[in-house]
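When the chains are written out, they are named A, B, C, D, E, F and G in that same order, and each has its own residue count from 1.
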Amino acid sequence: MEMIFNVVVFPGILYVLLWTVGLFWFFRKFMAALHKRVGPSFNGPAGSYQTLFDLSKLLTKESITPDGVNPYLFSLMPILAAIIAILPTAVIPWTANTTVVVSEYSLLGLVVLVGIEPFLLFLTGFGSNNKYSFLGGIRVLTQMISMETSFFLAALSPALLFGTLSLTSIVEQSSWLTFLILLPGFLLYFVALLGLLDQPPFNIPDAEQEIVYGFYTEYSGTNYFLLKLAEFAEFMAVFAGAATLFLGGYRGVFFDGFSFLFAKMIIIAMFMMTIRASTPRITMKQMLNFSWSYLVPLSLLNVAWIMFAKIFLLGAIS
Amino acid sequence: MFEIDMIFAFALFSVGLYGISSNRDFLRIFFSLEMLMNAVILMLASSAHYLGLSQNISFAYMIMILATLEAAVGILIFAAAHKFTKVVIADDLGAQK
Amino acid sequence: MLKIYDFFAHAKSESLWMAHFCTGCCSLEMAAAMGPRYDWERYGYLPTPTPRQADLLIITGLVSKKMLPALLRTYAQMPEPKYVLALGACSFDGGPYNDSLSVIKNPTEILPADIFVAGCPPRPEAIIAGLEEIKKKMKAGIPSAASQGGLWKEMEF
Amino acid sequence: MLKGVPIETFIIYALGITITVLSLYAFGVLLAPYSPDAIKNSHFECGLPASGSTPKKANFGFFMFAIMFIIADMTGLFFSLFVYAHDSRSQTIAAVFALIIALALIIAMKEYNHAQNI
Amino acid sequence: MRKIKQLLENFNTLYIEEYKTTWVKTKLSTADDLLMVAKALKEHGLRTIATVSPTDFLEENVIEMNYFFEDLMTNRNCWLKCDVPRELDECEIESLTPLFKGANWHEREAYSMFGVRFLNHPDLRPIIVSQDFYDKTPFRKDFDWDAHDKNTVKNMQKIVDSFKAEEAEADKGIDAESSETVLNWGPTHPASGPIRLKVHCDGEDVIGIDPDIGFVWRALEHLVTKKDFVGAIVAVERLCFMDNVNSMTAYAQAVEEIANVEITEFAKWMRVLLGEVSRISSHAMGMGGFYNALGLHTVAMWNMDVREFFLDFLESYSGARIATAAVEPGGVRYGLQQNMLDELQLALDKFDATKDSVKDIFINNPTMKMRASKQGFISNLDVQDYSLCGVVARASGVKIDVRIDEPYAAYAEIKMDYVTQKDGSAKDRLINLFEELEQSVDIIKQAKRHIEEKIASGEFDPTKDQMVKVPKKLPRGEAISRVEWSRGEVLMHLVTEEKGTSPYRLKMKAPSFNHTMMLDKLLAGQTLSDIPLVFGSLYICQGDLDR
Amino acid sequence: MILELLKKVYRVSKALSVKSPATEDVRTHVMHQSDRFRGEHQIDYETCIGCDACNKICPTTAITMKHLPFKKQNIVPEVNLGVCIFCGLCEDVCPTKPEKSIILSGGRYDMLSGGWHEDQVNFWVHVDVPQEYIDSRLEAEEAARVKKELEAKKKAALLAMKDKEVKAPVSGVPDFSGEQI
Amino acid sequence: MNIALLTIALVLAITSLSVKQSIASLISFALMMLVLGLYYIGLDEKLLGLFQIFIYTGGIAVLMLFGITLIGREFPKTTKSSWSAVVSFGVFVLMSALFLTNRSLLATNVPEIVEKKEMFATSFSDVVILFALIGVSLLYGTIKMINALKPKRSRDV
């Protein structure tokens, strides 16, 4: 019974759908405000039905399967991508006692599930018989191999500090001191997150101005809806991961609860949007250079820092 | 069941063996190699589980990581060969000199 | 069941995404309509990069002979249901280029538009009014004009 | 502390998600109109007649990064094993390990950029 | 100037005369000398060829070729003419492309419009015209386009077929086993607008680019000959709507020169004012376009916000936001009222309010610098060879600006200086764009002050002074007129017939044409990501590219 | 670099405090109003003198002249809004004073129609000349004609008186029915 | 359960070696690894299972994708030696027979299962330095090969 509730309502499908609608709306509204515009405003209160309409329209629009595509890859991958993007909700501790799968290795699970996603997107690009999609797919792959390592290493830093791979106990053990120790890790995580989620300045795979829409180019209707759903679900997984790993998850100031986690996620989203509004895209080569010359070595150094901090700072205290 | 595990491991091993001996293109040779490694890992894991040999798990980790490195080196060689000679078949490599 | 269907029909009419396709100088005013002062996103319009995700094709003015195949193909590659909005004198009767060598004099005869907005270029207000008119048409359940006829069905492109 | 909660929960959850997503997909496809034709089904090529050949191969100028990825990824896996290290000796080893790899990457990138500029 | 004259005297010419302040006008008696004259001119420093413009004279049965040589450094120009026979198979002339790289596309244009064949041209394919006009001569006076237009469907079929054939050709040229491919960048593309770049690329690397233009070819040069001298402004202003006032000014000046009319001082100042307002609206869009190409829409939005206020002024003045049609031969069309100047002041205030933050965030943007400061280098020599102008030329440190070199309207009385950068990279072009924006605002302030003062002192009557009558029928004559358009120099060459009520031939040399020619050179060897960047930084508008 | 970036981010986020200029619903309001705005034409059939100047200058073929059954100003312009580019040249050239008889300024801005090419019937500025006006004009013309005839007669009589010669009366009444309508 | 998972893995392994399309082959390979990982998780060796998934579906599959982008969508045709199937099947039979006959040599009493997570860190930590040296030398080799790996083009750029 609880399982059904979990699947259908709380961290499951309904919640993800609501989150997609809400975050999409929030993104548009916030972006519009940064553009000195208003954003959707005439459908429902402050235009909040707008994205609901958008997504339901996408759901029920014709989905074209072009000739010459690999039919299995083309139609299966969006579904698979959506499923796999939703799965990380299982391992994240939403509140003190709402975690679907309480596991000792939930951090690894999160990273694995987030890391498989670009692989599927590459296959969507490879499957569509289209030059832009093909190039977009290859860009996804290249970006993923550059960004995922630093994402993984940065995500490991709290685990190394607390000596556990379980998200729940990471949340429980976090404090202000550890937040300070983990601050460089958080910054690295944030940058890697931008790369992993194809956000500016790393929105290279779906660069509209270069390769039309990357791997999304051929997708329409229901398939596109699923890809969008996957994208936003991945946002959620990664944001929630950031909030859980570094910012203390559901733990709040006076009392604990889901609202704190949510607020933290929204704050990260706002940061992301502001960067989006102020930074142009960089090129593939610059991204690779940045990632491998700075980001990965820095996250390795960060690991060393965590180790030493664990030995000298925390060891001294306890 | 330990026996079943072991037999499956042997089966995987022989599939890998078949792959190595019958295929001539790089990619499937890599696949087969990985299968060979996996057969060993499977043996180690099941022996650790059923026979209580817990240090076998650590050997499994090492094998895994070695397998990865081996794949990296292999792909590197493959890429270099491909660039120079445009071949994808292992046997042709010697013939193309 | 009917309610659900109505909801989706309503959703379709309320969220018109347009294919990013510029054929003539009317697109300047279309850009202004996207801009901060007019901000058509308030009404739910959004440009999309590929026709595959679009519901609406905007013929932004002039269609030259060389552009016509691209226009028709872009229209044909959009998923159902799809609508067409024509802007500017050019897209109706050639406008200022009526006696020029190289433009299609009456693109709406080839690809009938659901709504035509006059002007050269039409004001952003007028563009938005035209889009609202298309919404009304969709809500009334009127099928799109281009699916009813037009020369484009007989042409090869 | 936590006892390992069975993998079965996860599998059931995954199955549930799969079923719901599939039903969503089925719902969407059933409600959507469907009218393919030759032009609609030819692939998108910026509005021009589709040419036949999508490249079958990709030129990957980035092999080095694949190797780097593997090495860095393995490093990460080692660290996830070091999570359970409690004595300061192995922790120090981990730190030194991280430093070596970081240094190697930095030098590698230097060399790479140098080679690119030639 | 004297030297050029001396030099030309060595050749067989019909006449040599001075024209305006900076031009030497001459006509060769035979076309055979052309190559030698051009060589001599080039040695003499006139490295740039602005355009090649044939004029078709039916009665004399010749096609007169006009070459406009320029020396960007010392500002001496030469207008060279020669005749070629009109018969299609004899209509050939020596190509100047081996000497002047910038003549390449201009000669191709002349070939496709008039059927003039250029000998030794490296790549003489039709350009601009749609495929149904291949091997035809649409701009000749005796071209029967009614007959051509009758079978539209057949013509369309031709176009489609040729597109398909082109794709097949492109596929054939490429090794199927390699990863090379030909990408279409445009026309249905979020960043391109109506242009197509055939990008031959290998994965991410660009091997070569072949721009395919003509998607908004409206045959404007042909169109004006069907309208009368006043009605032609609607065609001329549609050269590109981003900045329409200045192109009308160029045309109006040419007509006034032939009609021998001097316009009022007030109209001159109004032309300056309107021209700069329209330049600002164009530059604001150009900056937005540059950043749009980098995937950042904020700048476009913020600039659009400011631009609306300037458009408000244009609307109050002329009654339309964009298609102002405000400049007519003989002056400007409308009188001025005080509330319009107030609106202009509002716009200027708005600009000053946002200027700092735009400069801080987007001009000094580290990410942008990282990308753009190493891309799209145009050297000083390139500018001369390819006849680049405007922002692109000035960003490479070449000091050209028609407003200063050959002042028209009231620019002689305005204090201004060249705005230049040093390196000529994409970043420099952006910075130059922004600084020119500031310069335009400065000019507007000067002009506004001047006009207000003169109105106050009663020298200008803003309700009556705006127009001088220009006769409906003009005498036979020809004139060239240059203005500094928002994208660079526009050169209009107007020919009229005796008692003509409409232009006989109007050649418009627009800057984007030359800038697009550069694309292959700038982008070969770069990556796909640089295409939108370089394209955006060259500030190309397809309107004046295709005409 | 990162610090610089953060500064930029901060400055961009200042835009959040700026009020958007899109304050009004453009479905019901016009954002900027100008007296000279060139919109839909208004044609004053009473003052138009039928000089055909607007038709001649129009750079497109937007204007066609409608024929009226009068003798003098027998044509009046009608505009095809689908083709018109609102350049305002017709207004400029119109010679009537003080009010031009074809006016664009301050016209409607949102002119829509169905996109079918055949729909352009709805897309004209028609000049509906009311029957009474036609009648009154015809009457006035008739009266003028009669008056003129009378005057002519008088003149003729006077002349006849002067020259003492008897002239034949002016030839018959002009037939209006032959005129195109 | 065990048998089912392992059978699936085996079938996938055979598929990956027998299909023609390279991408399908890779996918079945990755799926096989996934199934094996799940099997390890089922065996209560969770960390090993996650490692398996991580390394093989995350690392090696991506590495192989690079290879696939090189060789194209289909494997080149090769001649297959017929005897290898027989030989490998013989090996399988031999090994299983040897194992089944000698399994009494192995301890049959199942001891208490203890997962010693920290064992690797405490007892094998020195090995990682070795690994680091291998990795560094690999990187060095790669760098030396960069120039050789530069693609050749039809037109020199």
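A few remarks follow.
What we mean here is this: a residue touches a chain if its C-beta (ideal position, glycine included) is under 8 Å from a C-beta of that chain, and two chains touch if they have at least 3 such contacts.
Remember, predicted model here, so these are calculated numbers, not experimental data.
Two chain pairs, C-F and A-E, are compared here, and C-F has more C-beta pairs in contact (counted per touch definition above).
Summarising the inter-chain layout, the chain whose CA centre lies farthest from the centre of subunit C is B. With centres computed as the average of Cα coordinates, no chain lies farther from subunit G than F.
Chain centres here are Cα averages; for subunit E and subunit G they lie 62 Å apart.
Computed from the mean C-alpha positions, the centre of subunit D lies at a distance of 17 Å from the centre of subunit G.
A separation of 57 Å divides the Cα centre of subunit B from that of subunit C. Look at where the CA atoms of subunit C average out and do the same for subunit E: the two points lie 30 Å apart.
Within subunit E, contacts with two or more other chains are made by residues 160, 163, 174, 177-181, 187-190, 202-205, 234-235, 298, 301-302, 305, 308, 323, 361, 365, 367.
Shared interface positions of subunit A, i.e. residues touching 2 or more other chains, are given as 32, 34-38, 42, 59-64, 103-104, 108, 131-132, 138, 145, 148, 208, 212-213, 217-218, 221, 277-279. Shared interface positions of subunit D, i.e. residues touching 2 or more other chains, are given as 4, 31, 33-35, 40, 42, 44-49, 54-61, 63, 66-71, 73-75, 77-78, 80-82, 84, 86, 94, 96, 101, 105, 108. Those residues of subunit C that touch subunit E in the complex are listed here as 19-25, 27-29, 31-32, 35-37, 47, 49-51, 62, 64-70, 74, 96-97, 99-104, 120-121, 123, 155-157.
Subunit C contributes residues 5, 8, 21, 50-52, 69-71, 73-74, 76-77, 79-81, 157 to its touches with subunit D in the complex. Subunit C contributes residues 36-39, 42-43, 84-86, 89, 92-96, 98-99, 106, 108-109, 112-120, 122-126, 128-130, 132-133, 145 to its touches with subunit F in the complex. If you check the complex, the residues on subunit F that touch subunit E are 1, 4-5, 8, 11-12, 14-15, 21, 32, 34-38, 57-59, 85-89, 92, 104-105. Subunit E makes touch with subunit F in their complex at residues 227-228, 230-232, 234-235, 298, 302, 305, 308, 312, 315-320, 323, 325, 333-334, 357, 360-361, 365-367.
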